Amino acid sequence: MDVAIIGATGYSGAELVRLLHGHPHVSRCDVFSSSQDGMHLSESFPHVGDIGGAVLHKLDIEALSRYDAVFFATPPGVSGEWAPALVDRGVKVVDLSGDFRLQDGAVYEQWYGRPAASAEYLAKAVYGLTEWNREAIRGAVLLSNPGCYPTATLLGLAPLVKERLIEEDSIIVDAKSGVSGAGRKAGLGTHFSEVNENVKIYKVNAHQHIPEIEQMLQTWNEAVAPITFSTHLIPMTRGIMATIYAKAKQPLSLGDLVDLYKTSYKDSPFVRIRKPGQFPATKEVYGSNYCDIGLAYDERTGRVTVVSVIDNLMKGAAGQAVQNFNLMMGWDEAEGLHSLPMYP
Amino acid sequence: MDVAIIGATGYSGAELVRLLHGHPHVSRCDVFSSSQDGMHLSESFPHVGDIGGAVLHKLDIEALSRYDAVFFATPPGVSGEWAPALVDRGVKVVDLSGDFRLQDGAVYEQWYGRPAASAEYLAKAVYGLTEWNREAIRGAVLLSNPGCYPTATLLGLAPLVKERLIEEDSIIVDAKSGVSGAGRKAGLGTHFSEVNENVKIYKVNAHQHIPEIEQMLQTWNEAVAPITFSTHLIPMTRGIMATIYAKAKQPLSLGDLVDLYKTSYKDSPFVRIRKPGQFPATKEVYGSNYCDIGLAYDERTGRVTVVSVIDNLMKGAAGQAVQNFNLMMGWDEAEGLHSLPMYP
Amino acid sequence: MDVAIIGATGYSGAELVRLLHGHPHVSRCDVFSSSQDGMHLSESFPHVGDIGGAVLHKLDIEALSRYDAVFFATPPGVSGEWAPALVDRGVKVVDLSGDFRLQDGAVYEQWYGRPAASAEYLAKAVYGLTEWNREAIRGAVLLSNPGCYPTATLLGLAPLVKERLIEEDSIIVDAKSGVSGAGRKAGLGTHFSEVNENVKIYKVNAHQHIPEIEQMLQTWNEAVAPITFSTHLIPMTRGIMATIYAKAKQPLSLGDLVDLYKTSYKDSPFVRIRKPGQFPATKEVYGSNYCDIGLAYDERTGRVTVVSVIDNLMKGAAGQAVQNFNLMMGWDEAEGLHSLPMYP
Amino acid sequence: MDVAIIGATGYSGAELVRLLHGHPHVSRCDVFSSSQDGMHLSESFPHVGDIGGAVLHKLDIEALSRYDAVFFATPPGVSGEWAPALVDRGVKVVDLSGDFRLQDGAVYEQWYGRPAASAEYLAKAVYGLTEWNREAIRGAVLLSNPGCYPTATLLGLAPLVKERLIEEDSIIVDAKSGVSGAGRKAGLGTHFSEVNENVKIYKVNAHQHIPEIEQMLQTWNEAVAPITFSTHLIPMTRGIMATIYAKAKQPLSLGDLVDLYKTSYKDSPFVRIRKPGQFPATKEVYGSNYCDIGLAYDERTGRVTVVSVIDNLMKGAAGQAVQNFNLMMGWDEAEGLHSLPMYP
């Protein structure tokens, strides 16, 4: 199987390089970049050393058409422009950007502040929240990989929302993210001395992942109202924690709640549910494709708290992309993703 | 003015040493420790060097009675045991521990899991949330300094709750704290390799600061229902951010909301309100006694978001203690606390 | 192949679990602990989840004798006591502790301050600095895995010392290490608030890795004099950088020096030499078994600077242990270790 | 006393703002910026809040001439261009940049790669290593404040070099610095995700502080040969540790060595010498103007190790600048600098 990565000079791209070079069914993995063609990837990322296939190529539809699958780990707009031609030529596309995540182009334009991709291809795109969309993913030619925050949030909310256990207008998500989620482009907001020993909130009520989360929640339960969703920058490189609050419609038993989650994810190798009273920390999934979830119910307030953690570059980006790629190719979804988290 | 610090070998104690040694009205500042008497403080904290008055003394009521004021920066139970005798002898006591924060001893015993202090002295204790209790503080002999989380949370919620702008059963506080809040006692939970590059939630629905917050909120508005309050450990040393969510009773204007806060705190030198669209980061109050607050209102959800940040060892402990001490002594509340935050 | 890990509740042990569970030739990997038998490893390390073979067993020679190989990731003294009986029963032992690293028991007792292992087994032990001792390692039954600092230092110095290019009495090593090297036992010295935003020097002129380094250097060149070796604790979890200084006997060409290193390590898949003018950072080997080396020669001073970096838990502990295990079993030394570094 | 700060939007400038706003003899402190005039400093640095005198003014000789003293905390070239005109008008200048540190313009041009300031004013500039140059500083009109690395290194080496206790060709300095030393300009090299959990060496044998250090050492002892000096970027914001190695000419007694240092600095309030066997950590001077020094002598190698730590923005920049300013104005050198380090 030959694959190409577009945008290998970013963090998600580098993570794809790591995963696909260790993938048992990938025999060739080449890298493309719109800006740095001709350069060896190690000039940008010395950690890769002299691995094969790492000279960056210029984006070219003919060249890209020869691969079985193409991964886009690119800024907004790139896959929206290039993916359709590849799809037309029968190349499977896995898009890690947000270009094809929102089915309604108008909503995209409102939240992203830029033109949406073509409606025709938005309609073809399959949303790759693996655990809840496997059948469609298996048949996808254009796979839209979920955002990092939506992945942690949606996996944490799915059983509650689908089983209609919570008030539909009561969902509040307080998310915390490591800095790698902001990408590799340097700026004052990610300058070490500004981020270290600091917590910052950003894009309050305005994060582009809000409509992505609501779109999926409303697919599961059309009564879900707009959510409150906040994002905080944490002085660490990797990891997302979504702390999710919602009002239960009826008093709940924590044991039953944990059982519901265990049942919901019993065939999902990458979702691990903690025992009552135990909660995951972000480092416990570091470098892995796991999403770990802990649950609480407070009788004083009648609220459920869900704690959902992922590695934003893995289950939140490259890891889930490979998981989806596996399904698209007919393989076991865990191929190339078996590694335990790296701890400490 | 002669003062004593009990518990100078902890972090809040060390911060008191720093502040009181630079205080213009303190001529003598001695240190006491139940466990390490005879030792010079620099053996435990080399950063203090050979400052005067830093040989640790054993706790002794006679000796302590000679000071004008005594600060307790001690574990649970110490001030509950020792403060009454000092108060009886006319010594002003500033207690940074939780022993006198909850007026109802039964509530203390439920949340702290240990015996409460004597009801007689609980009744005498004045709760030192400076900005909202100045008159009582000026006359206090036994001052109970607020917890770090309650300080950030209550300053952030006060105008909303007092003006009855939010649904009383809708308050959710998602708090993030640096590790120094856990004190200096080493344990696996604060071991560097376990905390670094990690976010952890802890004491879910069980933090002892919950009743302290609710007690004050219900003083302001008896209709306030139990709150949801979560605490997260962040890989940094100092700083607390409380991200507070509540449902507005009526649609709000953000401009009006910011004006309300500015008016509420116009005579409070240590509370700074950000302009609409701007939010504080914890580092922006680092090492200072400020509490910075930012506000948002989301028309989609009808919810207010309040972001309140403090340095947990300053406004959340030693700084507010000195602020209260200043009032108790009849001085300007900002004496010895003028320093700007240290940035970066 | 069935293997056992003794000391799986420490950091090197956890890293062995990660590597051996992903090793293509290991069918069974069980864990042992002297203190926590009966417990599932996930109670101590939630990141491992419900992997198989993770119930901790009590140390027992009969039980351990049934494995093809046993790894010790234990505090001083454990392998010295238990390994001989296993070796006598034909079990291959890989010891990550320092018990068998110093051939002379008297030197061990001087630097470690405790009794040495039996001289008979010290003589049987093979020092596992893989790149320079492959033949002996292939035949080893008792493999003594090098310390983390010695690995980085010796790989960095080997070509210079063996080719006698530097003054033998001029070697100074300034080493910087992440905190995981101190293990998982909590103490004030590794308490987050004490280590974060801090650099500390420790065990000045007294680190037990000094004689280990000198022993190997003097094997290569008996004229090597005592070295100066300093260790610094850096506010990060993983990674070691050894910055090595030595006086050249003759003016050197940097190009020739780099070529010498490239030639020396041309058959060593885990040593990567940087181009002239480029130097490795610790993060560029994070989570991998690589040792990356950069070189400089200063005409003003006539000194060589060698910069050698490893991940202390990988090439400095578990990774090199697996590399040696591979050779002992007759496999390719890179089996189970192919993963690229995790970046960022 | 009225003072102006040019370059207040950088980190050293912000630290000057903090110090000078708390200085007992400064009644007015205004800020200037070549690029951001008209803006309030809080737009760039929200931590300062609404302090007075914080609207940024455009650089203008007439306006600047009205101040008693002007501080330059500017990039290379600015003070070289502007300071002479101020000096000519009798304004005292404290320059935190490197423009006037090297007496020989040719050496400046070689190491900085840009034109040197005028020779006439280079000759007028007084090098502000306070502890060793007080008399000249008291009479200075153009004060050149030392670099951060030279301050830590020179204070650590002075007694050894002046007393000629070490071989003059044996000095090796391995320095570690927090990231704030690189300033506030964002770039990939200071991007959080690249620096966090990482140690990097930079400017190997090429740092512009090398000639500054050698110039002073050779003033003390003309026999001092070129030194080896390496700089490492540490994942923390503030702090420098210089670990200094040198060969003793004769065997030394550690006790005598410590006594020599204590005597050398007995009238220097900001240099603190540790007892034999104790070494300072960078955090022990955090936010303060101290330089803490620890010493070791190794009989095995005949080498001295000096460990010298400072806060790079305080004693390494703004703190020492104020200390020098105090002397230039005839005040006690510690005015406005009494604060203890902030710990933790």
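Annotations for the structure displayed:
So that you can tell them apart, the chains are marked A, B, C and D in the order they are listed, and the count of residues begins at 1 in each.
By definition in this document, a residue touches a chain if its C-beta (ideal position, glycine included) is under 8 Å from a C-beta of that chain, and two chains touch if they have at least 3 such contacts.
Every value quoted in this text rests on a predicted model; they were computed, and no experiment measured them.
Between the chain pairs B-C and B-D, more C-beta pairs are in contact across B-D. Of all the chains, the one whose CA centre sits at the greatest distance from that of chain B is C. If you average the Cα atoms of chain A and of chain B, the two centres end up 38 Å apart.
Taking each chain's centre as the average of its CA atoms, chain B and chain C sit 46 Å apart. Chain centres here are Cα averages; for chain B and chain D they lie 36 Å apart.
Residue positions of chain B with contacts to 2 or more other chains are 11, 178, 180, 193-194, 196-197, 235-238, 281, 283, 286, 344.
Those residues of chain D whose C-beta lies close enough to touch chain B in the complex are 11, 14, 17-18, 21-22, 45-51, 180, 196-197, 237-238, 272, 274, 278, 280-281, 283-288, 290, 292, 338-344. Chain A contributes residues 172, 174, 176, 178, 193-194, 196-202, 204-205, 225-228, 230, 232, 234-239, 241, 243, 245, 279, 281-283, 286, 294, 296, 298, 300-301, 303, 305, 307, 309, 344 to its touches with chain B in the complex.
Residue ranges of chain D in contact with chain A, taken from their complex: 11, 178-180, 182, 184, 186-188, 190-197, 235-237.
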